[in-house]
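In order of appearance the chains are A, B, C, D, E and F, and numbering begins at 1 in each one.
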Amino acid sequence: MHVHAFIEEMERLAPPDLAEEYDAGKIGLVVEGRQEISRVCCALDATPYVVKQAIRASADMLVVHHTPLWTPVTSITGRIAGLMRDLLSADMNLYVMHTNFDRAQEGVNDALAELLSLTGVSSMSIGCIGSCGLSPAEISQKLGGNCRLWGTVKKIRTLALVGGGGFDPILLEEAQARGADAFLSAEMKHSVARSAPLPCIEATHYALEAPAMQRLSLRRGWQYINDPPLLKILP
Amino acid sequence: MHVHAFIEEMERLAPPDLAEEYDAGKIGLVVEGRQEISRVCCALDATPYVVKQAIRASADMLVVHHTPLWTPVTSITGRIAGLMRDLLSADMNLYVMHTNFDRAQEGVNDALAELLSLTGVSSMSIGCIGSCGLSPAEISQKLGGNCRLWGTVKKIRTLALVGGGGFDPILLEEAQARGADAFLSAEMKHSVARSAPLPCIEATHYALEAPAMQRLSLRRGWQYINDPPLLKILP
Amino acid sequence: MHVHAFIEEMERLAPPDLAEEYDAGKIGLVVEGRQEISRVCCALDATPYVVKQAIRASADMLVVHHTPLWTPVTSITGRIAGLMRDLLSADMNLYVMHTNFDRAQEGVNDALAELLSLTGVSSMSIGCIGSCGLSPAEISQKLGGNCRLWGTVKKIRTLALVGGGGFDPILLEEAQARGADAFLSAEMKHSVARSAPLPCIEATHYALEAPAMQRLSLRRGWQYINDPPLLKILP
Amino acid sequence: MHVHAFIEEMERLAPPDLAEEYDAGKIGLVVEGRQEISRVCCALDATPYVVKQAIRASADMLVVHHTPLWTPVTSITGRIAGLMRDLLSADMNLYVMHTNFDRAQEGVNDALAELLSLTGVSSMSIGCIGSCGLSPAEISQKLGGNCRLWGTVKKIRTLALVGGGGFDPILLEEAQARGADAFLSAEMKHSVARSAPLPCIEATHYALEAPAMQRLSLRRGWQYINDPPLLKILP
Amino acid sequence: MHVHAFIEEMERLAPPDLAEEYDAGKIGLVVEGRQEISRVCCALDATPYVVKQAIRASADMLVVHHTPLWTPVTSITGRIAGLMRDLLSADMNLYVMHTNFDRAQEGVNDALAELLSLTGVSSMSIGCIGSCGLSPAEISQKLGGNCRLWGTVKKIRTLALVGGGGFDPILLEEAQARGADAFLSAEMKHSVARSAPLPCIEATHYALEAPAMQRLSLRRGWQYINDPPLLKILP
Amino acid sequence: MHVHAFIEEMERLAPPDLAEEYDAGKIGLVVEGRQEISRVCCALDATPYVVKQAIRASADMLVVHHTPLWTPVTSITGRIAGLMRDLLSADMNLYVMHTNFDRAQEGVNDALAELLSLTGVSSMSIGCIGSCGLSPAEISQKLGGNCRLWGTVKKIRTLALVGGGGFDPILLEEAQARGADAFLSAEMKHSVARSAPLPCIEATHYALEAPAMQRLSLRRGWQYINDPPLLKILP
């Protein structure tokens, strides 16, 4: 498949118009390689390990959620130089779907809601909300364990969730107003926790967003490359 | 003691000039109450619980690390109205020491270094670095447990630390360049963890900053009001 | 009446959408007190005197034209602390209608036009214009006297007026283009007077805006608290 | 005298470095005419009347306090075209001394202090303060009458003054802190009057600033052209 | 003809709405003279020579493409004072049509396309594109000679052109995408030439824009004043 | 030589502190390759041709004047992808000296002054000025011919010059004030030419800046890669 045709397919899947304004220029084809695409790898981040695995798999295209070129650059040095050398030497393409995929049907939040078997799901201004039959501990289990619970909650009948770092005071208020018993996201800040109007379950960013990339790979017949951050709870 | 004299003492302790520019107008006497100060309470945050306890203790002054008026306001409603009603009706003063206390001698980072028995401590552009005889698990224990370790490290000979949310890529590089084996702070973000050049120990914001307020209370004969966030690791 | 119902009524009277953009966050419920509203006081400004009178009258709500929290604050000290202590301790609400009330039907400019018995009144981009049967001295009399006349005019057939400080060169030109013989407002500046294309009558801000608050109080059965600035012409 | 020599003299009198930053490009030689200067006229403003009188007097140079080109222009039309046509056709120079003359020795505030016979005069951040033996009514008389007194004051032992529109809350506080019994300036605003910490005497901008231009003309042997705004108190 | 009627005619010819945003306040009647217009001169720039010739021709109005007051001014000195003195003393009007005339029908780019006998002309986002039967040397000849060719091209079947300084990378890409064999404009920059995707013919700004003013003068019965910059190729 | 040692040498030659502020992040090591530097190539621009020649020459380092990453990027596609692929695959370093080299001793302007045999050379705020024994045509010859002369000048006793695009009105005035008979630079704009206070000689950017890179290569024993833009005067 020509790279243009591949891009068109991806844009149907996760329309660029859905992206936040701050993603302008940071999604789509972020590194340009060869034009013929037959083998595709997929991951959450373009880490050095992920890129090397994709090269080993002879991929023509690597699809990720987070661009490695977030801050605009006027030089290619250090970690970025290593990454770009690997990608460009292998003539591999790098394609990014970020907040457009968060919001897409079958995207990040949809995949998360499915993983947690939410029902009656509807959108929030970011993320979604639905009926839930799980306890906090069961949610943690589904996400690989070691989540943190801020506040106390036993029974979660209604769960609001935002894949990625979504503990924003305005979103928390929206969730509460819509009857959520708890809010699931990543990267809690002290100042937000102090005034949170409802209990919060904090997972890792990776645990919340990887499922969507994995499910996408499965459906498309791509190879998913798993590379979670090394994280351990100390006693 | 007159409130002016009290403020002068506090400014010797944590000179306002040490504060970050973004703290302008957000430290010092943030709520003005009666002029005669005899009883002082102290806490990390001016939570509703903390304010009520201070009133119960008949305090004239409450000293905290985080201002409740961070975002400039043109109305006093909701949570802020409740807090201000309690403080102003009781004629209580509220005094804030923030980044000036982080950097002060005997301040937040100093107290933390002492708690962890660091030796040969020297300043970084934010936070400090010193020799450490503890394992990650022992550090976690000293901080109340349940820290998170990003990456792997067994023996920490040199530890860099920043009280509060200090996992900043530039600080991490500074720590690495100065030979740190690990970096202790709070509020890790996924994007920072992905490119961290050294292992990171993540405690809560509260666990890192409360010790300094507690030690200050002890030394001054104030009443410390403990109000940690409710936080639990899920299996 | 519940405070929400009261707010709804006020918003019908002076729809927030009519306000200038700079009023964002500075109109509506500016200090939140008790929820049940039975007694309402009204004034032009929330001066210390006005607030004390409203407390003496056991008001649940004080309605004013000018917010006391115009500049966003990160501390509650000095004059503002005194005002907020009085309001919050008494659990009184403070509600502000500003440029939305200037523009409202039956609002500031309407009340002024009525006071001066203008006929055939129509709106300007700010303020209004109408037929007038009064001399400058008669206008001054209706406004409590001691107005100042910039330029010379005997007979005013058409009068343009803007409640508050409205001597803006663009408004003066609009008034002249629409055939005004004089322009009535407050707070004349030297540079504007020097190039004014038509004679100007300068009243006090208070004299121009208080009538609308007074009329509103009368119609609603509220208690109006009069507190004009102390002002005297020196020989 | 060559125009360059004239400018040098003026810059000794009112050094451009003393000017506020907002005067950049708006003081000095604002309209360039002939190079030989023998006859000089002076006024507060370059009004059409003033310019015509200066032409009638065959002046080579007109010195004023307020530039007629305050707002930067990209076209010369209307009132400005008339003024520029008169000046340029007559080959007359126009020289402006503004905030640099306010602050100069023998400048605007100095002349005002002298007119009111202040003693022990010292500078404020803007304007000056000194001992005064006059009542408010006597001050008004010295300034041509019809001043306005905001608040009440009988005996003024210490007077703060700012030529031009200087009723700024920060200046008022400075004056109060330095023991002023009253503050003299022009162009009072309602919001400032409402929270003024001391009584204020409001003269016209012209009455406060013209004396300095008059005195300068007298000392230099220039012709002063008087053109006060037409202003009348209505009963 | 009254000047208002003249302006209306000009605005039909080159509607102000067509102008770029940066032309706001810099087109239309830029210097206001007498109201009755019978004799009109026209030129590309309001140079001192052009203004003097227009005065010699007793013109009431001078129409030009480039305003002499591009940068907003707060003083009238030096070169601008000379120009304004000549115009205002002679009571002459100065009218500017800039990017609105570039884009107008029968405007700058239209006149250029006609001069080069382009056929099948259509608009680009700026400038136009059409079929061309000329070699680069023939184009240069039509424009008075001494053009510069960047890159190599023999036969130009399709030519893109932008009157004035239009070698913008985005325009060059648009031209290439629409099949242009060469791009004609003025004021080539090194950085643009280095990455130009098609050959470029560089004429002078004057040679590209004067034809439209000349043709306009001819059609309107105005006197065109020719004043090209002195320019010579050195061996 | 290790790349760090090479960079130190270059920084002695053209200290980064000399650079304009807009060069921040755009000079120095712009693409990072291998660490051991033995073979160095040099050119004015990192064009595709230059990079390919440097690879053919097995260079470890390419030194240029103009960075190919001027505009900050968040993607590596198109022309930039090709360039980066070539550089990174070959593990070649790219080092940029821009306005710091313009100003350096033995830098761009020095080399140009030497090429034209100027004597008594002194710095201007940008560029330099000196005594000259050449006619315009002789200057053109020394720069490869085909310069353009704006205005007329026969004998140039004093020449001001700025390598690169330096026809700035303020620089032209500075040159005139210092007695220059002509100003040599590149990229003349129509608006600047129209009000230029002295005759101007316009060479190409390349002709003015390449000599310094060539001379540097000669002195250092590097290989200079010549790649002038294709440019031809049309009759």
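In this section, contacts are C-beta pairs under 8 Å (C-beta built on N, C-alpha and C of every residue); 3 or more make two chains touch, one makes a residue touch a chain.
This is a predicted model, so every value here is computed, not measured.
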| item | value |
| --- | --- |
| Shortest path length from chain A to chain D (each step joins two touching chains) | 3 |
| Interchain contact steps from chain A to chain F (minimum; 1 if touching) | 1 |
| Neighbouring chains shared between chain C and chain E, ordered by label | D |
| Fraction-based call for chain C against chain B, same above half, different below | same |
| Equivalent interface to A-F, taken from A-B, B-C or C-D so that over half of the residue contact pairs match | B-C |
| For chain D paired with chain E, centre-to-centre distance based on mean C-alpha positions, whole Å | 46 |
| Inter-centroid spacing, chain F versus chain C (mean Cα positions, whole Å) | 65 |
| Whole-Å gap separating chain E and chain F, where each centre is the average of the chain's CA atoms | 32 |
| Averaged-CA centre spacing for the pair chain D and chain B, given as whole angstrom | 53 |
| Contacts with 2+ other chains: residues of chain F | 70 |
| Residue ranges of chain B in contact with chain C within the complex | 25-26, 28-33, 67, 69-70, 72-78, 81, 84-85, 88-89, 91 |
| Contacting residues of chain D [partner chain C, same complex] | 45, 47, 66, 70, 79, 136-137, 139-141, 145-152, 164-165, 186-191, 193-195, 201, 204-206, 229-235 |
